[in-house]
Amino acid sequence: MLFHVRMDVHLPRDLPAGERDAILAREKAYSQELQRSGEWRHIWRIAGAYANVSIFDVADNARLHEILSGLPLFPFMTIAVMPLLRHPSAIRDDDT
Amino acid sequence: MLFHVRMDVHLPRDLPAGERDAILAREKAYSQELQRSGEWRHIWRIAGAYANVSIFDVADNARLHEILSGLPLFPFMTIAVMPLLRHPSAIRDDDT
Amino acid sequence: MLFHVRMDVHLPRDLPAGERDAILAREKAYSQELQRSGEWRHIWRIAGAYANVSIFDVADNARLHEILSGLPLFPFMTIAVMPLLRHPSAIRDDDT
Amino acid sequence: MLFHVRMDVHLPRDLPAGERDAILAREKAYSQELQRSGEWRHIWRIAGAYANVSIFDVADNARLHEILSGLPLFPFMTIAVMPLLRHPSAIRDDDT
Amino acid sequence: MLFHVRMDVHLPRDLPAGERDAILAREKAYSQELQRSGEWRHIWRIAGAYANVSIFDVADNARLHEILSGLPLFPFMTIAVMPLLRHPSAIRDDDT
Amino acid sequence: MLFHVRMDVHLPRDLPAGERDAILAREKAYSQELQRSGEWRHIWRIAGAYANVSIFDVADNARLHEILSGLPLFPFMTIAVMPLLRHPSAIRDDDT
Amino acid sequence: MLFHVRMDVHLPRDLPAGERDAILAREKAYSQELQRSGEWRHIWRIAGAYANVSIFDVADNARLHEILSGLPLFPFMTIAVMPLLRHPSAIRDDDT
Amino acid sequence: MLFHVRMDVHLPRDLPAGERDAILAREKAYSQELQRSGEWRHIWRIAGAYANVSIFDVADNARLHEILSGLPLFPFMTIAVMPLLRHPSAIRDDDT
Amino acid sequence: MLFHVRMDVHLPRDLPAGERDAILAREKAYSQELQRSGEWRHIWRIAGAYANVSIFDVADNARLHEILSGLPLFPFMTIAVMPLLRHPSAIRDDDT
Amino acid sequence: MLFHVRMDVHLPRDLPAGERDAILAREKAYSQELQRSGEWRHIWRIAGAYANVSIFDVADNARLHEILSGLPLFPFMTIAVMPLLRHPSAIRDDDT
């Protein structure tokens, strides 16, 4: 089941550089593991912003929340979620 | 080059059924032709809305505008565009 | 899987009374059938508004959209959807 | 009498972990006691957000405010309230 | 139980003068009857607007909705409702 | 002359408890003195919010500002003002 | 007593030219008479908009509303009102 | 050339009293000097707010920015600018 | 003197094709004449929208309004104006 | 390929003066180098704001993001991006 998620990151200025780098490294590993497993299907950077648009393919709402609330950057993010479904004009098999 | 586009459709109530059906048929053909050519890379329906989220892969801004302003439903749409780029954490080859 | 849906109804003034009454009767039957089947789990009127808040329990996003886009009042509604899940503090069995 | 309440939680980063945990434990106990008494009729998590949607069934506005302003997390919440009533299409006895 | 209600009126330009005058006369009678019965406790015009702020004192949410949805101008109004309660600093007996 | 005023209070977390209590005590005394003098005609709490709706009856705009900017909580408030006048449908003598 | 008023005009496209011209002529006469009497103290056009910013000097809120609701263009305007007072740094006698 | 400027002031709570008083004294002198020179043509306080509405009469946009960015309170202000011009219904010589 | 102007066009559906084409032809001629004279310094289409961003270089606010309110499409546009000036980091002679 | 970018700067009050001056000096050099290379085609100050409107001419979205995220002031900016293209009425060769 597909979800559209936009994440905007706001790192506080007083976050120590070491802590920040550790969080970002964990975030990247976390994201790539979920991309490899297929649940985080797409991720794109939005030009000019510290933000991304992602497509998730998960079993249900609970799993989506588990993934999002487990993001190392979760405390520093504004997140917007929209449930998606196959469009009647879609032709790609994997737009479902 | 990737663009994120959200399209919300507002069909006026007094659009004759025949005209409406013809527009929708042309819209579907137009979209599927661009999906086949690869420029309209993804399209998803947003649950509960007469709206879609799409990803376009086009040569430049001018080509994006040419495609969007040529949509048979263009006069009945509200359109929001965001330029995208590869995310540093992306692993899929085609998220570029 | 649970979804929170708010529906605001805007009936155009020039909708003939007979057509309006027929739509409202079909809407009521449609809603009650889904309530009986368990997919439309709750519905409440919002005080002072021609609007409702509803909780749906459906198999997936596609089924939610099928239900909402099939509402007889769908062309006259503004709809807002939020995916829900069990709250860690919930104690009722049916808040899942 | 029913009320729809949305609560968004914003915990300040400099809240000591011990204080935070104590507040969250009190919040959970407070919520569950009111759920058992029947005044906090439903609570759901909103996917991707540190927020919930709740339905309260209370004697009057004053009691609603007493409950909400007594929440251990009240100083860290944005709260939105909407009075509800039975919908004319509702069929469940407990949607009143 | 007190409620704060703001009503903004938007009369369509093509409403026949006779129909409009009849609606306004019924609206005035309806409002004054409820003021006399005590349920419509206050009403004030907002300077520069075709709008009012009112305070209602009703038994419950359902009665508030019955009154508001029964307004002759209801189809032409935007209505915003806020539940009120006695303020801890209030000294007037009738601010409850 | 009547004014509708909404006040939302935002107390900073690092305000020392003693200072906060002193401000709140002064605020209450200030409000009650103006209620007794008749210039602060009504005050109600908004359910679920640290906020009030008040009606002032003052000589002019300058006096209104003098009262509001003199509130002990003024530095911690967001204030919205609307000038009111007697509604043509009002029947109470004191809705003027 | 001073008020800041912004008026945005939206003339419907199907207003007959003769009717429109008559309304605009009455609007101009109405405005100039009030400027001469001193109650409509200033009026400026906002560049690029069919809108004005005006300063009124009236006896009270009721008089302000009488003037604004009597504008020939009132049914075609969006109006925003802010009560003003002398600024402590003002040096002009007539900024009061 | 006329400009409408609204300035909202937000003084941080931790600004030392001495520094704050010095800034406010410089702000007042700065404003009054420009009022005397004729470039700051009007200034009014907005009732209930730490804000003013002002009318500037300056040679060009660059001079307007020079004045505004030179305000001692500039770092603590939110500023909104609208270019004005003579209204076709204006009768005062100095509304130009 | 430079101004940033965004124009969004909303052509009503019932505008006869002949009238629409005549307006668009006059709009193009009007714009190009002002581009040639130097007052309409830049114009760009916004991708995906029936809208443009333009830079005007005019003598004063009054001239800007004369140009904008004279646009053949003016009755069908939403216009937003921002006064600009030379940026301290600019190096191009014609960014003034 | 052209992009319209608005940048609003918010320097935190506790940024040490030396650090601030160093950032601003690097920002100016960075901007001027890109102006000289032709990628940062225009930059204007917005009157009354610590903000600019800029036009970029870059190879693609990725290059635009590289430039913007590399701005020394990037952590202190709110940035809004709109893709542009040649307007059908444009006559200047360099509005492409």
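Residue numbering begins at 1 within each chain, and the chains themselves are lettered A, B, C, D, E, F, G, H, I and J in the order written.
We adopt the following convention: contacts are C-beta pairs under 8 Å (C-beta built on N, C-alpha and C of every residue); 3 or more make two chains touch, one makes a residue touch a chain.
All values reported here derive from a predicted model rather than from experimental measurement.
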Subunit C onto subunit I, rotation angle from CA fit, given as a multiple of 5 degrees: 145
Pair exhibiting more inter-chain C-beta contacts, D-F or A-B: A-B
Equivalent of A-C within the choices E-F, F-G or D-F, defined by over half of its residue contact pairs recurring: F-G
Inter-chain centre distance, subunit C versus subunit J - centres from mean C-alpha coordinates, in Å: 46
Between subunit D and subunit H, centroid-to-centroid distance (C-alpha), Å: 45
Mean-CA-position distance for subunit I and subunit B (Å): 28
For subunit G, residues contacting two or more additional chains: 2-3, 45, 47-48, 61-62, 64-65, 81-86
Listing of all chain pairs that touch each other, if any do: A-B, A-C, A-D, A-J, B-C, B-I, B-J, C-D, C-E, D-E, D-F, E-F, E-G, F-G, F-H, G-H, G-I, H-I, H-J, I-J
Complex contacts: residues of subunit C adjacent to subunit E: 13, 45, 47-50
Residues of subunit J defined as touching subunit A within the complex: 3, 5, 12, 61-62, 64-65, 68-69, 75, 79-81
Complex contacts: residues of subunit H adjacent to subunit I: 1-3, 60-62, 64-65, 81-86
In the complex with subunit D, residue positions of subunit C that touch it: 2, 4, 27-28, 31-32, 35-36, 42-48, 52-53, 55, 82-92, 95
